[in-house]
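Two complexes come next, and they have one chain in common, subunit A, joined by subunit B in the first and subunit C in the second.
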Partner chain A sequence: MADIHKPPEEFRIRMRRYDPESGEAPYWDEHTITLAPHRSVLEAILQARDRFDGSIGIRCSCRQAICGSCGVRVNGEPALACHTHLDAALKSSPDGVIEIEPMGNIPVIKDLIVDMDAVHWKKIQRVTPWLINKQPIPEREYLVSHDAMVDVTQSMACIQCGACVSDCLAMEVDPGFIGPAALAKAYRFVGDPRDAQQKERLVDLAQDPEGIFDCTHCFKCVEACPKDVNPMGQIMRLRRIAIDDHHIVDVNNGERHEAAFTGLIKDNGLLWEAELLPRSYGGNSWFGKLHPAAGKELLSSLPAIVKALIRGKVTPMGALKPHKLKSKDLKSVQSIYEKIEKKPERYELNLYISGVDEVVQETPVTVAGGVETEASAPAPESPEGSTSV
Partner chain B sequence: MPAHDVLIIGAGLAGQRAALAAAENGASVAIMSKVHPVRSHSVAAAGGINAAISIDDDWHSHAYDTVKGSDFLGDQDAIEIMCSEAPAEVMHLEHIGVTFHRNDRGEMDLRAFGGASMKRTAYVADITGQALLHVLYEQLMKHHETVDRYEEWFTTSLLQDEEGRCCGAVARDVRSGRMEAFKAKNVILACGGAGQAYKPTTNGLIVTGDGIAMAYRLGAPLMDMEMVQYHPTCLVETGILITEGARGEGAHLLNSQGERFMEKAAPNKMELASRDVVSRAEQIEIDEGRGVGPGGTGIYLDVTVVPRKRTLEALREIVNLGKDFAGVDITREPITIRPGQHYIMGGVKTDVDGRTPIEGLYAAGEVACVSVHGGNRLGANSLLDTLIFGRRAGEHAAARAAAIKLPEVDANAKLKSDVGEIDAIIARPHEGRRVSEIKDDLGELMNRYAAVFRDEAGLLTALESIGRLKEESRHAWIDDRGTVFNQDVLGAIELGYMIDCAETTVVGALERKESRGAQFRTDYPERNDAEWLKHIDITLTDDGPQVSYSPVTITQWQPEERKY
Partner chain C sequence: MKVAYWPGCVSRGFTPELHGSMAKVAPLLDIELVELDRACCTGAGVIAEHNQELADTLNARTFALAQQVEGAELMMNICSTCQGAQSECQERLDANAEYRAHVNETLAAEDLTYEAGLTNKNFLWLLVEEIGLERLGSLVKRPLTNLKVGPFYGCYIVRPRARLGIDDEHPRDHYLHQVIATLGGTVIEYAGMRKCCGFPIITMNKEASLKQAGRHLGDAVDADADCLVTPCPLCHLNLDLQQPLAEKVVGRDLQMPVLHLPQLVGLALGLEPKELGLSRHVVRPTSVIDWSTSVVGAAA
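After this line comes the complex of A and B, so read on.
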């Protein structure tokens, strides 16, 4: 947590500048600013702009991490400039200068300003980003559960800043990937009990080669998100709903791949890498590799397999046999499966709302001057509906 | 040259709602904003939206609370319209996808808010404004064929034909620097307030009074500009807002003695009295030496009395704001706050359909003064105001467009002069002062002399200083000589807009020799209905701002003493 009682001190910031009208390449621009350590990187940039160089380009407005304008990279990591403290930024800087660059995966227009329309908004539009109402529309509100609304509020809390897009590894390889922000937006409708086209949306996103199965679970977007939207988590939920609830078998092999993956671990306790690919393509059994589809895939993967053999990443013996696990450990792994598969309902963890009610606080709250008051005034009745999530 | 039935300037809640309503009514629509629509400042509204949707509630009760909150300066016909249409509007929002939080019956849950006689605030955690804004933008994406969007276009002036009708605007594409004239049968201003004329303020950096100033320069009267709301709970250092929802959920305000001092000012409503009352009570504690924090300039907001789980779920945003911007875990310790500039009740004078006295020019949202907020706005009535009057303006403008032809106007003359003006700003020599310095001076000046407590001497000082800053701003220099995203030159234009707004605020505050709502004159500490139960209208003439008056519409609630 920020220490707000420290006096202003000097910080050095180094910004990546680019003037599209100059014909020159991007360059670094360094300034020394004076601010208290808990003030934000945005305030540092604005001080440099107000005092030294009014031509520094950055989008910004609210200064409180809600308008989503000031997405940048600070010392290489995506962040909202207004949501990054100078002391923290200094700590992550390798050379004592806070380095600020435009976001990645999105073309730069000028200085720290990137072309959100060309990438971010185009992808948002891809997911049919509006509610398709369940009919008939009621006269008053739809009656839906409190939990369902709190649940979609997590993806509703996305401020469209682009930080997750900036850091998405899958998008770096495949710029066509619909991406974390847009897929989180998609969950906002799939998870909304008032939407009529859950299944149609999921089929669309599962069958798209650059859809939900294009994500590589690298967690970068989870880390990048300043609002705890957990985009990757939303993508995984889309997959689970597509597979478990709607039994969508997709042309991208996502559903079969998942079945092969979980099946192999259930049987062996650990992943049997050499079997994963044939079973994903040829069917979820040892005979999968004999299926023509698996043969074709194996053939096309031959260069990678050979490379892996040469570099010793796999051995022929390792490929033929599964990893060995002690039977006690194997049983523990399998008991996890049993426990989960026995549950009548799937339990989705919502990281957006965390924490539990504590026993009524008994320690007195200290206020200025050392005067103590009992923080025991009756708490207001919690409005109806604040059930646990 | 682009031409539309309805051109909307500003794409926050009022603008987007107006665009959707106008398109639904068959008009060709363009919506233009200097930022991407979801960056508009409506996004920062936290607590919720008021509507008498509970079966135990009645819109008359909502209307009475609003009239009382306004200190009887609100026009009651407009308030009746807003409150009676509120339930249908909120249901409409629910139907298009707003994820309003629910009670255990699956109906919309309602929370308590300041100045309200019962729970009537629908909400989405404490990101209600964001949820509404993003859902409306979803609808704009859906209706992309009927609504043209000009995102990141900065409006420099409004067009007027020979008969004085408003018939379009001149704007600059921020990205390319290209200037263009847009013809329109109607223009709806929906570009928000002028909070950046104050420092600190809860308002975003984009809230610079553009619409208020452009309308004023065109000859439209501004009404009740002296009524500037100070929100009771803003972070001391940065002015960042802590939602009224915190007090709605039960949080207390404490002075340095640990006393809930609201007992003195509002024994019944306590922390949930209206904002002007709470802000004044806080300022008295601070001024009389019972403040907390460095220099005793703050007050404690104690959220620890709210159950922790409820805080984490319903006040999540301010839990994070506390951690990130004040270093405080609000679920465990009190946070230091103080009153800060938040909202301008005044604005461009309109009727209940958003029409200004200038034909073809409409206004809705914070830019406008209908007036539903009078001397003081109730929390969670601003979102409602933007949506009801945004919609009504959109509908009315669409109907008017169907009946008239596109006005004849030589748009090129204005286009040329605006291009020339921008070029001149860019070419200004580095003599005199920077734009940013003048802006800082203006903000500090306003926060000193036109804040919670005012008096004649201070206001006269402010007026004189504003005159000086206005003169300096005419030569203020900038650095950026480019065309692509030249934010520097736009900042110089915005400074002019803010100075106009500040000047009218001070003129209005000097004129109103009484204390009502947000205006508290220490030299006239009483409300004076006999002389001042009237609106103050300010019109720009060749001799500067001219003051006139217009009556307050009273339908069913006679002014009475205001107690909470």
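After this line comes the complex of A and C, so read on.
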């Protein structure tokens, strides 16, 4: 918590300036501003604009982390300028100057203002971001379980600031990827018990090669989000519902990959890498490698495979024979699979709903002490009963 | 120190030099490895994507087996992806006693119980936090002088920070830097060092996956690194095994050797490149081998 009683002091800020219409290259612009350390990076930018250069471009409105307008990068990390204290920003600066840049993955309109329409909003529109009511619509309100509504409030907490889009590593190499913000929005409706089109929404996102299976699972969006929306977590749930509830076969091999991976662990206890690739393309059985899609893939990977064999990294026997658990342990693993997979409904602990036991905060019981596990989910009150929405 | 040791699958499969080099390095650091040979794959996030309870139960079984290892101070892994997948499951198991009891009911068939609060550290964390940089430095026999090493952290061991216990007191996202410097090497920073190697989408969007690997390797080449070092065998697969394919996608020669963390430590502790399995890499770590022989030559 920032100390609000400290007097104003000087901070140096370095902003990336760029006006595409000018024809000039981007450049760095440094100013010294005077503010109390608990004041925000946004206030520093506004002071620089007021005192030194009225042409500095920044978009802002509420100044209290609600409107999502002032997304920028502070010292390379995505942040809301209004939600970043100057003392914290100084601490994360490697050279004593607070560096402020426009967000990534989105074209710059001017200085710190990016073109949200060109990327972010286009992607949001792509997921049909409204509720398609189940019919018949009840005369009064819908009644849904409290937990189901708390669940979707996590993605409803999104303020559309674009911080996750800015940092998305899949989008960095594949700008067409639908991205974390749009997929979190998609879950908001897929997870809503009142929505009539759960399967249709998921089919659409699974048949898009830049849809749910294009996420690289890098956790960048989870870290970037100032509102704990956990976009990647929502993407994994979209995949789970698509594959395991609706058995949707996608165009990216996502469903086959999951089946191959989980199947190989069930059969061997350990991963058999040489089989994973062909089965992900050709289907989850030993014969998967004989499928034309698997053959094509193996052929295109030949330069890597040949080198790996020559160097002895991979031996023919290692590739042909899985490493496997001893039979007693393998049987135990398989019985865990069988017990859990035959349950009529998946049992999922959602820490966003359940919160964390208070006892976890105390000294942990360990093999032998050490770093405590930190679990930082909010703990909303969850009274029994249903919610009217 | 004695540790319950989880090597993971890939370190015993497609990157056998990782498991092998860890076994060589451990005694030099006074680490006794008790291998968890009854434990199964962590699921690498894929089993959790399929069924969370299944992933949590399989990993709770591993944790319970680790807790049974007599005299072990903690559980140690040599795979960032295992660390990330296990930490995710452990976060849920430790957060909720009711859920833990539910999972333990399934484990009861084998007479196993997981008790909350297991300490599970990647070898990188153990090096810095348990062995300590000072002691590590004192064990160095062949300092990595003039070797320019780029750290490649990847994702699973640096994000999400809260779950992985990264804070001001435990700057685990800087430990590779600290270890390279302690071993006498020169740290080379480059844009991609904490980005995704691309491995998780290699079967789903191969071009994007290889573009990720190729760009990071290219960044390291441009920053004049002699080699990279990573604590993750899956990153190693995309950065080393797939490098010939990544070169084609990004349209440039890369030839960037990628070392596993125990290999780099082993070199500095005086082991030979061959016994650390460096000859088994797809990209020949010529720069590193030349460096090690020139250092030995200079010493002689």
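As a convention for this text, the second predicted complex is superposed on the first by the 290 of 389 C-alpha atoms of A that agree within 3 Å, B and C clash if a C-alpha of one lies under 4 Å from a C-alpha of the other, contacts with A are read in each partner's own complex, and residues count from 1 in each chain.
Here, a contact is a pair of C-beta atoms (placed from the backbone, for glycine too) under 8 Å apart; a residue touches a chain by one contact, two chains touch by 3 or more.
Only a predicted model underlies this, so the values are computations on that prediction, with no experimental measurement involved.
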With the two structures laid over each other on chain A, which partner does A:L298 touch: subunit B (first), subunit C (second), both, or neither?
neither
Is A:L35 touching anything from subunit B or subunit C once the two structures are fitted on A? First, second, both or neither.
neither
Check the residue A:E223 against both partner chains and state whether it touches subunit B (first), subunit C (second), both, or neither.
second
Just checking: does A:V203 make contact with subunit B only, subunit C only, both, or neither of them? Give me first, second, both or neither.
neither
Going by the contact rule set out at the top, does A:V249 touch subunit B (first), subunit C (second), both, or neither?
neither
Contacts of A:C67 with subunit B and subunit C, given as first, second, both or neither:
first
If we overlay the two complexes on their shared chain A, which of subunit B and subunit C does A:V314 touch? Say first, second, both or neither.
second
Which subunit A residues contact subunit B in one complex and subunit C in the other?
354-357, 365, 367-369, 371-373, 375, 377
Seen from subunit C, its contact residues with subunit A in the complex are 4, 9-10, 12-17, 37-41, 43-54, 56-58, 61, 66-67, 69, 72-75, 87, 90-92, 94-97, 99, 102, 106, 109-110, 115-119, 121, 129, 155-156, 159-163, 165, 170, 195-196, 198, 200-206, 208-209, 211-212, 215, 241-245, 279-282
Quick check: in the complex, which residue numbers of subunit B touch subunit A?
35-36, 38-41, 43-44, 53, 91, 94-97, 99-112, 119, 124-125, 127, 130-131, 134-135, 138-139, 141-142, 151, 175, 204-206, 237-238, 240-241, 249-250, 252, 254, 256-258, 292-294, 300, 302, 304-310, 312-314, 316-317, 320-321, 323-329, 331, 333-334, 434-437, 440, 478-488, 491
In their shared complex, subunit B is touched by residues of subunit A numbered 1-5, 19-21, 38, 49-51, 53-55, 57, 59-69, 83, 85, 109-111, 113, 116-117, 124-125, 129-131, 133, 137, 139-146, 148-150, 152-153, 156-157, 159-160, 188, 192, 194, 352-358, 361, 365, 367-369, 371-373, 375, 377, 379-380, 382-389
Within the complex, subunit C is touched by subunit A residues 169-170, 172-174, 177, 209-210, 213-220, 222-223, 236, 239-240, 243-244, 252-254, 257-258, 261-262, 265, 269-274, 276-277, 280-281, 300-301, 303-304, 307-308, 311-314, 318, 323, 325-326, 329, 332-333, 335-337, 339-341, 346-349, 351, 354-357, 359-360, 364-377
